[in-house]
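Note sheet for the following structure.
Chains here go by letter, A, B, C, D and E, matching the order in which they are written, and residues are numbered from 1 within each.
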Amino acid sequence: MKWLEARLAPALWWSIASVAALLVLWQAVSGLGLVDARLLPSPLAIFAHLGEQLGERSFQFHIGQTLIRLLCGFAIALVIGVALGVVMALGGEAWLMPLVRLLAPIPKIAIYPALVLLLGFGHASKIGLVVADAVFPLILATFHGVRAVQPKLLWSAQAAGAGKIAQVLTVLLPSAWGSILTGCRIALVIACINVFLAEMISSTDGLGHLMIVAARSYQVVDMFVPLVLISLIGLALSRGIGFFRIG
Amino acid sequence: MPRAAGRILRRVAPVLALLSGWQLLAMALDMEELPGAWQALQTVPQILSSGEDVGSILASLRRMAIGYVLALLMVVPLGLSMGRCQRLARVVNPLAALAYPIPKAALMPIIMLWFGIGDLSKILVIFLGVSLPLLYHSYQGALQVDEKLWWSARAMGMGAVRGMLRVVLPAALPEILLGCRVAVSMALITMISSEMIARQRGAGDLLFNALDMAVYTEVYAMIVIIAVIGLTLDALVEWARRRLTHWTDAQGAAG
Amino acid sequence: QDIPTIRVGWTIPAEEAKYWMMRRPDAFPELGKSYRIEWTQFQGTAPMVQAMLSNALDCSSQAPLSLGQGVINGQLKAYVIAQHAGESPSSFSVYWGVREADPIKRPEDLKGKTVGVNVYGSGVHGQMAMILKNSGLDPAKDVQLVETGFPGSEAALRGGRVDAAVFVQPFAARAEAKGGIRKLFSLQQLMPNTVHVIEVCKADFADSHPDLVRHYVRDLTRAMQMAMARREETIAVVSEVTRAPVEALAGYLMTPSDFARSADMRPDTQAIQAMLDQYAELGMLSRRLDAGTLVRPDLMAPLQ
Amino acid sequence: MSDFIQIQGLSKRFEVPGRGAHLALDGIDMGVREGEFVSLLGPSGCGKSTLLYMVGGFVKPSQGQILVDGRAVQGPAPERGPVFQEFALFPWKTVLHNVMYGLRVQKVPAAQARERAEVLLEMVGLSDYAGFYPRQLSGGMRQRVAIARTLAYQPRILLMDEPFGALDAHTRTNLQNELLGIWERDRKTVLFVTHGVDEAVYLSDRVFVLSGSPGRLHRIVDIDLPRPRIRAELLTNLRYQQYVLELENMLDHARHVRSAA
Amino acid sequence: MSDFIQIQGLSKRFEVPGRGAHLALDGIDMGVREGEFVSLLGPSGCGKSTLLYMVGGFVKPSQGQILVDGRAVQGPAPERGPVFQEFALFPWKTVLHNVMYGLRVQKVPAAQARERAEVLLEMVGLSDYAGFYPRQLSGGMRQRVAIARTLAYQPRILLMDEPFGALDAHTRTNLQNELLGIWERDRKTVLFVTHGVDEAVYLSDRVFVLSGSPGRLHRIVDIDLPRPRIRAELLTNLRYQQYVLELENMLDHARHVRSAA
């Protein structure tokens, strides 16, 4: 518990302070009428509305849909990305690297229509889109992290009799951990953006859908509520990742 | 000579495998939305022989290059400073975590408000997309710098700013270059998607128009072109990596 | 050198007059000389309202619904200056199609089915809802809606992802050529003269630059006349802009299986009013809107 | 009797980008008997560590081969446990878990592994630091953890690269004695790199002296002192002193060879 | 005359997450005169490196303060040059450029810096390795580069943490003599951490003996041997032998203090 507090305390205060500063600045900008409230409503208005909506069943449903897609997509990308990154570092580079280089920069939005036809209009196509984009930073981060392992750490494990799998689990992954977490942070953000985009493009539920519906009818506050929410989700998850830092 | 041939073969083989996999999949599914590799490749010369289309692609690339270089110049120093200064990291981290997950396409109206609908907003969007991996990877790189290297430099009388430049930067370079590599693909992806809502002469415009008109061979031809551009830029980063970080001890797990 | 400039937003498809001005500027003596146009393409009409609100655009294409929402929710002040495309009893009408073999014969049969719309909350979505309502269905509860987009309609329908899908040109022509799809109902069923695309300018801009807007309206009308008179060239122009192959366009563009266009581009204010009223009835607009407040007669096509 | 470790015509050449090949070791032939305690002495940079890495199977020889118990070394194996000059502790594991590592990898139950690790930590005097992470330790403490980590999984052959280099005299003597105790009990084969001539004489059955640039085998000295050896007694032992002197001269000579080469 | 380096009531407490505070050094008071050669002896983990880091200004004391030439140490400065136990070479620079680095930072022209670096590399016996990168060097070679790098920019105070630990006897003796030569010529102030009692006696004016857990100043021994000292002569010098014995006993005692604490 002490350990938990120690980990949370100082960082948390700074986080709160910086976010608070941002909000105050925003409130000042919109409060002083520096921008058109039709384009950028004040944070007070947004949070008041958010608080109101959070209690509503239908709104919770939309949040749930987005979260399911986001978390499933991220988790799948994590597993595939780390696995492929390790395989790549352990000799699969010649085969996998050219594919990664080719596929990574492709704007996955463009293949979304094909994904929809393959996977349907439900969760699967959106999760597919998330995975397709989020997996690459994870592959690369894992690959480079594993490649940068100090040879003598690996030697120590080999000499202790660690098999290939044990080496991966007990040396390669922990020592690539920092890099993998960085990859996670990037992948997470990409996941957030893609879920939202997919929901904006083609969906009847989820935060992205709420936002696009609001945007089409210029309900500015309604439009900002999902945006603020996705950004809060991003912050929460990113803090969650930071929590897994070793040592 | 046969060795060189073998090497080229090994480079090309995965690409060929990918293309044939795609072709087979397309044939098996037989959907208009997913044309085969062959049809897509056939459309590529058509795009590349049109001066106007090439001009559009170059216009996009120009925006991308500007966004990329700006991010490199501004975000890498920020990330490195965050790695060296816990406080800064604690202030910037939550802000970054808040700002990045917002889809820029959704923010277009606000961005338009400040930066208009022209190049500037698109460059900004690309900048944000690129700066994500650059920030986190340079932060991570600077975090991992051996304390005693920094001390050694300080003891030589190096100031904090120069120390960042001459010690933290090179020590974090492998990690930064990894960020650059991820950033290349992010740059292309955001370059395209920045043109989704407010369109302008550019590669994304070509692609999304084709998508709107359901001209899928052209969509996939554009994808091929973008992938090749990505491959080229990635090779550039890889070349830089080999030149700049040959000193690392990371033959690593390969053995 | 200081030529006055209009910033105009455009979309695809059905704005042939604009495509002509963009692609054949030499055909317009004033354009580029006494005034200039800065063209920006957008995805959909809603972002263009936002662009006008944030003063990044002066004029843009709109649909009656997006304009109405901009006026009501965004306090946009704007004038309708011309009409690009709409429907008439003898023209193409946006329709919902079903698979030939399915036992769905009338709108009522859609109860419990999955229905594709181009975009959730769009104008045609509203009109479809009205038709369903008129057929005794509750459009919110009795059908399951899915966003397919226009390009994806055909595949979604054929692939069984939806039971009815929405068709516009050129996708309708393509689907019909392949066969296997049957028209279930079209917007004609609701009203004969649905308005699809109109041209709108911000009021403050138009009020302070009336001459500029008049130039623009005149050139638009001139462009529309050329577009209707020279079909071959129009097809070439549209193909350049939309990248659709000429063969595909030739099959329908500016024929009776295309939307209706009038050479004078006169906005059908009555039809617009009717549509605004429907949207208000459906709750898609929060209140009724008087179409008369959305025009300034001296800035409306046709001009002398 | 054929040797337990046979090193035959072993050379190592490093490619130094931009400077061509760098010959680190050249034509080493040597044999180590089972249960023998052998030290390697030689000037800094003569290739002692490299030799150890090759016996460990971490680095491939450029020429020649190494046989252990008649079989060629193909790669690392738990029968050959290294203690590296740079310690190479797992920075993400605590001291205790570093020491437990080898046992856990070899599927020893956690409780048992922990028990054994605690015994070893006691031995190297770090019981109080079981929960520390390597970066929270001093140089000498890290070295002791590295020693404990390798001893924990009881390799038949110990490959120790200056394992007592960073220790104060007292701790070093303690650990030397512990090592000798373990060796006498289990009859491990030990390949021990050191710069301390007295240490080499005190511990070894034989001392291999290398000359540098490139590393070649210069001389082999049999240390014919009775065991068990008591340090305090040895210090006044004439033979011991002679060995030390002899080896010091030999090392001087080895350096000459180097400058001549 | 007041001391050049004054250490007053110096304590260092490390926060060990999950285990509370760990007291590494406790109430150290000591003074070092200008131009004095002082050694620190003490059991492994007693805080010698930590003390050096604080004098270097790299680590902030938890209590107490350090004055150098009357001014409090605020941070690192080129007047105080460290040689770290872990070498800390810049891995992206060649040996030559590592050594030139400090001079270049201080705006010495490249040609001149290179010249000086080459002299120092010659001194540490690494002229042939000027173009190598640190990872291509042996442990002892790296240590020598680290020494050369610090000597290159001529700090007034040298803070050396077991600088000769990884070297063979001959190289070590050479470098000891070089260091003494430099010291006698430039009258630098040297704070020298070592585990070699003989080394401490051979080099120092005074030896500070620390006891461990937490580190405290145990004793100070003045080494009253004439200079210049010739190693070969000293070995047969009775006073020298007495000092060595005295210090060894003292260290033993210091360890006792530790276990008692």
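We take it that a contact is a pair of C-beta atoms (placed from the backbone, for glycine too) under 8 Å apart; a residue touches a chain by one contact, two chains touch by 3 or more.
Since this is a predicted model, take the numbers as computed values, not measurements.
Asker: Treat each pair of touching chains as one step and give the shortest count from subunit C to subunit E.
Answerer: Tracing touching chains, the least step count from subunit C to subunit E comes to 2.
Asker: With respect to inter-chain C-beta contacts, which pair, B-E or A-B, contains the greater number?
Answerer: Of the two interfaces, B-E and A-B, more C-beta pairs touch across A-B.
Asker: Counting only Cα atoms for the centres, state how far subunit A is from subunit E in Å.
Answerer: Computed value for the inter-centroid distance: 49 Å.
Asker: Please compute the C-alpha centroid of subunit A, do the same for subunit C, then give the distance between them in whole Å.
Answerer: Here the centre of subunit C sits 37 Å away from the centre of subunit A.
Asker: What parts of subunit A, by residue number, touch at least two of the other chains?
Answerer: Residues 36, 39, 113, 117, 150-151, 212, 215 of subunit A touch two or more partner chains.
Asker: Using the touch rule from the top of the page, what residues of subunit D touch 2 or more other chains?
Answerer: 86
Asker: Among the residues of subunit B, which are close enough to touch at least two other chains?
Answerer: Within subunit B, residues 31, 33, 109-110, 113, 196, 211, 248-249 contact more than one other chain.
Asker: Within the complex, which stretch of subunit B touches subunit C?
Answerer: 31-33, 108-110, 112-113, 116-118, 196-200, 205-206, 208-215, 218
Asker: Can you name the residues of subunit B that touch subunit A in the complex?
Answerer: 10-11, 13-15, 18, 29, 31, 33-34, 87, 90-95, 97-107, 109-110, 113, 132-133, 136-137, 139-140, 143-144, 174-175, 178, 181-182, 184-185, 187-189, 192-193, 196, 204, 207, 211, 216, 219, 222-223, 226-227, 229-231, 233-235, 248-255
Asker: Which positions of subunit C touch subunit A when the two form their complex?
Answerer: Its residues touching subunit A are 46, 49-50, 53-54, 66, 69-70, 72-76, 119-122, 145-149, 151-152, 155-156, 159, 161, 284.
Asker: Residues of subunit A touching subunit B in their complex?
Answerer: 10-11, 14-15, 17-19, 22, 35-36, 39-40, 89-91, 94-96, 98-99, 101-111, 113-114, 117-118, 133, 136-137, 140-141, 144, 146-151, 154, 167, 172, 178-179, 181-183, 185-186, 188-189, 192-193, 196-197, 200, 208, 211-212, 215, 223, 227, 230-235, 238-239, 242
Asker: Residues of subunit B touching subunit E in their complex?
Answerer: My answer: residues 146-149, 151-158, 162, 166-167, 170-171, 173, 245, 247-249.
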